[in-house]
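Reviewing the structure listed below.
Chain IDs A, B, C and D follow the sequence of writing; residue 1 opens each chain.
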Amino acid sequence: MSTRRFETPDPELDLLYRDLADQDLQPLWELKGLLTPTPTVRSVPHRWTAKELRALGERAGHLVPIDRGGDRRVLACANPGLDGAPYAVSTLWAAAQYLGPHEVAPAHRHTPAALRFVLEGTGVWTLVDGDPLAMSAGDLILTPSWSFHEHHNTADQPMLWMDVLDLPMVAALEAVFFEEGPSEEVERLTATVSDSERRYGNPGLLPPPGLRARPRHSPLLAYRWADTDLALSRRLDATGAEFATLAYVDPTRGTDVMPTMRCEAHRVRGGSRSPLVRQTGSRIATVFRGSGVAVVGEHRFDVAPGDILAIPSWTPWRLEAHDPLDVFSTSDAPVLDALGLYREEELS
Amino acid sequence: MSTRRFETPDPELDLLYRDLADQDLQPLWELKGLLTPTPTVRSVPHRWTAKELRALGERAGHLVPIDRGGDRRVLACANPGLDGAPYAVSTLWAAAQYLGPHEVAPAHRHTPAALRFVLEGTGVWTLVDGDPLAMSAGDLILTPSWSFHEHHNTADQPMLWMDVLDLPMVAALEAVFFEEGPSEEVERLTATVSDSERRYGNPGLLPPPGLRARPRHSPLLAYRWADTDLALSRRLDATGAEFATLAYVDPTRGTDVMPTMRCEAHRVRGGSRSPLVRQTGSRIATVFRGSGVAVVGEHRFDVAPGDILAIPSWTPWRLEAHDPLDVFSTSDAPVLDALGLYREEELS
Amino acid sequence: MSTRRFETPDPELDLLYRDLADQDLQPLWELKGLLTPTPTVRSVPHRWTAKELRALGERAGHLVPIDRGGDRRVLACANPGLDGAPYAVSTLWAAAQYLGPHEVAPAHRHTPAALRFVLEGTGVWTLVDGDPLAMSAGDLILTPSWSFHEHHNTADQPMLWMDVLDLPMVAALEAVFFEEGPSEEVERLTATVSDSERRYGNPGLLPPPGLRARPRHSPLLAYRWADTDLALSRRLDATGAEFATLAYVDPTRGTDVMPTMRCEAHRVRGGSRSPLVRQTGSRIATVFRGSGVAVVGEHRFDVAPGDILAIPSWTPWRLEAHDPLDVFSTSDAPVLDALGLYREEELS
Amino acid sequence: MSTRRFETPDPELDLLYRDLADQDLQPLWELKGLLTPTPTVRSVPHRWTAKELRALGERAGHLVPIDRGGDRRVLACANPGLDGAPYAVSTLWAAAQYLGPHEVAPAHRHTPAALRFVLEGTGVWTLVDGDPLAMSAGDLILTPSWSFHEHHNTADQPMLWMDVLDLPMVAALEAVFFEEGPSEEVERLTATVSDSERRYGNPGLLPPPGLRARPRHSPLLAYRWADTDLALSRRLDATGAEFATLAYVDPTRGTDVMPTMRCEAHRVRGGSRSPLVRQTGSRIATVFRGSGVAVVGEHRFDVAPGDILAIPSWTPWRLEAHDPLDVFSTSDAPVLDALGLYREEELS
């Protein structure tokens, strides 16, 4: 498509506009909406229900083998505001992945980083660069940028988890690389405790500095629900508040687990609610336990375990708990932070 | 626009696809081109010539007062690969700004950060949060994110400079904020040495730690051509190479001058050339002195002072000098670096 | 004492030496031993046995009330190489502290930082700035620089622990400050889980960055033996080695727990030994479980639980385990590291 | 010397004291002066006059060849409070070094770091790891830890400079290593601009991150008086104050030039004075230009160019200028800072 040709009744100016277009130039003074008082947000608040995700995942499980055309059985959340792009919010991909009993999703790697938050099931292992990470409901599993990863289900039940990737950001930066893993059949490795957890999963204790891995992401790749559950309880005890948020961190630095995604666990006491806040940057949330309402912009979504929520940039949101409500969320906050663009406002 | 409805001759699967679309979900296995072996790059190599930029700037200077519709007389480089978007490369805005004799471009601020590289002229001051920074050919002037800035020309000649902004990135992150400056007429301040330079422009000497400003960007806002020229000569002397690159840095940290843009000065000895390299991330370059050829992908652009070049992500490029060639370039490398996505390859 | 007057048979030079001394100057060329090929080390390898420490602690418990002259019942290890200075090695104070049943050691604070490693007993609480930290055998408790701390024993048994302070370093830097706590009787607070542990003791989970304390030391002040024990087992599992070392770290940064002392836990499998190493800087070690031999320089010390060892700078040392051997050690390594003076050699 | 045996009229306690001494233990409650409300400071305020330093340096120049017993003609400042130790303050060595016309001080290296501040003369080169650094009055020259360094005088005049080393600290940490340089005669290299300055001496411009040296100290090894002079003028202009202090910094990080010594330049306008302050840590100062009074504790020292001052820890000090007064000072502040022990108070 050629460069836009602006038009104006002033003939001399119109001639200038023609010559600008010929030279692939545009007159700034005719461009509207570039520098807006507050952000122009393309994605809209949205909820995908666990009920539908599970039912559609099961149907796909019957109809679509894992090797049909791709190598993952994934239902991608497509935000209605994004003109058909398969992204849940402007900067994040979110999806439900359904892995049937004894199925295997083969190894590959890509520069977009991914995380998995397990909605239900147990008995699946994700191998990250060969290290088998057990997956069970409530666990957070990281497959950082450019690490080989595969999944296999040793159980007789399927597993449903949420995938989140920074794919829209990496694509916008034009830095997507992808590579298939080795094609030979791999051994379906399992382990009670992953190597990653043995080395980096002990509170306050690490290998000596000289023996420590220094990747760009957390060397701890699995965060267990039992730990998260206890930490949320302790946080509420320590602060006495109605609402707690904890950040999942790289234990070697205390920073976000990956450079593009901040992961957080939230707990709201039954009958209480979190403050109404808005932040620059996009967020995906999913309910793990409890029920209540997620207020996102003008919407009030009733939420149940497994529901996935799109919380667009600079959109006010809060959680209201009927029962005690546990929510996992992830956002592009580390990127906004690193670039000096993070803003946060508490509205009530 | 509604979520894309995939179709397939298999009736049961087709029904699933309909139900997925109804729920704003998409089947990953039908999506193509998401995870490509190497980056999908939208912008294309391009050159805007100084000759045209200057001529069109002058014409706009006659026809368009600075307050017509916007408050800058700016010709935006529109990369032919970007479907009419007014961006020079996928992540950066570049433009030629023309300020006539005794004109004033009034104050505003925005979260997108900007830099100015002066192509020709002298006698203009940019006020950044009130500090008057003199502008002359070869100088780099920073107007960091959210700092008020205005320009005024005290000379009888116009000035032409290149603007580069991280606007496409900040827009993609949905974090654009904008604010007009105070509307009253301001005094047209000038100063021989800016406050910024007095405090931060001395080699190897800084205010004591407790008295140092700690913004997210360099507190030194002006980099003078005389310093750059000498530093490039010294670098070639020190290494004995045919080609030198220097990074403009925040003197309080040694890091990039702003969190979103790396600025570099390049010098190629006459008759020599720089290595052919490619990097993830997008780059804008402009020639300051000398002549030669810029190889960008399949293109060989003859270049002269004031030409602006678009160097897309992962596209091989090199500089070939007829005369000694001095080039300024800026890229989104700090972002790719911070996110663990920076890759660089030397191809020859 | 006046400045040293050097003497020489050369009368003119001797006159110069007299005049130098009169002006408080010394001729470098007459000074010996200032710049030695390898470090001049004043402290010597030494072991204090648990048996003696316990017996003498008990006797002191009968004879010396806690308020006699000082406010701690502490037996300070005096290295025989240090000319009577009450320091265990050149840069560290080490001591056995004995707190009788239901005794209280009142609050004070000082710029020298301290740590406590509990050798035996349970039922004591250390309050650090009011936060009650339970103490039991194998636990590491921090009382960082300038934090108020007091100890009280709720049990019917005494407790014996090892204190280590960076006092010789802080004294050499002439930066010792000291302050008594409030004199009124305090409530003998206890708690099952300290506030510090509730907030910072959860693996891989922290308060959000904005709500995180940012002291110069670890905000986690208690490290439990059960965690250390498990982490050492996992480390041996992960590496398959005969010997494991783990660093106690600040969970918000992954750095040493305090800026002056590195804390480490070591485990040697029964019948095995650690490599013979030497490092710049001084180290204190104590055995927690098992028996064996500590080789330190020319010495072979038989060691049993509760023994305290002085390992001087640049002195080769190793651990040899009869039974599985667990050792806690602390050193001034963070200081040597920060100053660029840390060297380490493996000798076998 | 054996461990101190405390005595007491109480026979049972006296027996305990005997047994403690036998076991190399000391009763804390009998030790006095360990934890003092404010620092115990051993060194005293002192001034060594340029007149005496120069006269004695010249006499030594006639009588002592550079290879007599050592390889430097150095007059070490011995603080009267330090019991004959050849240190100017508790943690720093300071000395006047006198290098005669055409003399050479041969190469060696040591872990104690050194700096040279040139009091008078020109035409000397210090080679640091082979890079020739010109020395002239007012220049600061660094010879960082473990770098080979030698000096040679190409002029017909002698040079007098002040040496400061962190030797007392490195010795207290028992980390002194020393090595002679190669014994063969070296070429007396000179250069107008050192390699260090060519690479790192340009304001706001550095080699790209991947080509940058990353030592523990500043890679810029020479700081020229002309730059310091201009920076001090600009600082006074920028702040409008009566007194300016600037820190010499590592241009790649903005940190202190070496991990153990902070270097500062001070200027007091004629007839004005600096605030009365005290800091933890020891400081050495020397006057470069002007005259006035240095208040240090209870002392008022009249000062002239070349005088060296000892400013002990926690001792109030100020500068009073008759003429405009330029003073160079260096202190152990980076160490106190790194260890969390730095305190500063303004007293007037």
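The working rule: a contact is a pair of C-beta atoms (placed from the backbone, for glycine too) under 8 Å apart; a residue touches a chain by one contact, two chains touch by 3 or more.
Values in this document were obtained by computation on a predicted structure and should not be read as measured data.
S.K.: For subunit B and subunit C, what is the smallest step count along a path of chains that touch one another?
M.R.: 2
S.K.: Find the chain most remote from subunit D, comparing centres computed as mean CA coordinates.
M.R.: A
S.K.: Can you give the whole-Å distance between the Cα centres of subunit A and subunit C?
M.R.: Result: the chain centres lie 44 Å from each other.
S.K.: Indicate the whole-number Å distance between the mean C-alpha point of subunit A and the mean C-alpha point of subunit B.
M.R.: From the centre of subunit A to the centre of subunit B is 30 Å.
S.K.: How many angstrom lie between the centres of subunit C and subunit D, each centre taken as the mean Cα position?
M.R.: Here subunit C and subunit D have centroids separated by 30 Å.
S.K.: Where in subunit C do residues touch two or more of the other chains?
M.R.: In subunit C, nothing touches at least two other chains.
S.K.: Every pair of chains that touch: which are they?
M.R.: A-B, A-C, B-D, C-D
S.K.: Help me check something: in the complex, which residues belonging to subunit D touch subunit B?
M.R.: Subunit D reaches subunit B through residues 193, 195, 197-199, 201-209, 212, 218, 220, 223, 227-228, 230-231, 234-235, 237-238, 245-254, 264-265.
S.K.: Enumerate the contact residues on subunit C facing subunit D in the complex.
M.R.: 1-4, 10, 12-13, 16, 19-20, 23-31, 34-42, 46, 48, 52-53, 56, 59-60, 63-64, 68-70, 72-80, 83-84, 86, 90-91, 95-96, 108, 110-112, 145, 167, 169-179, 216-217, 259-260, 280-282, 312-314, 332, 335-336, 338-341, 343
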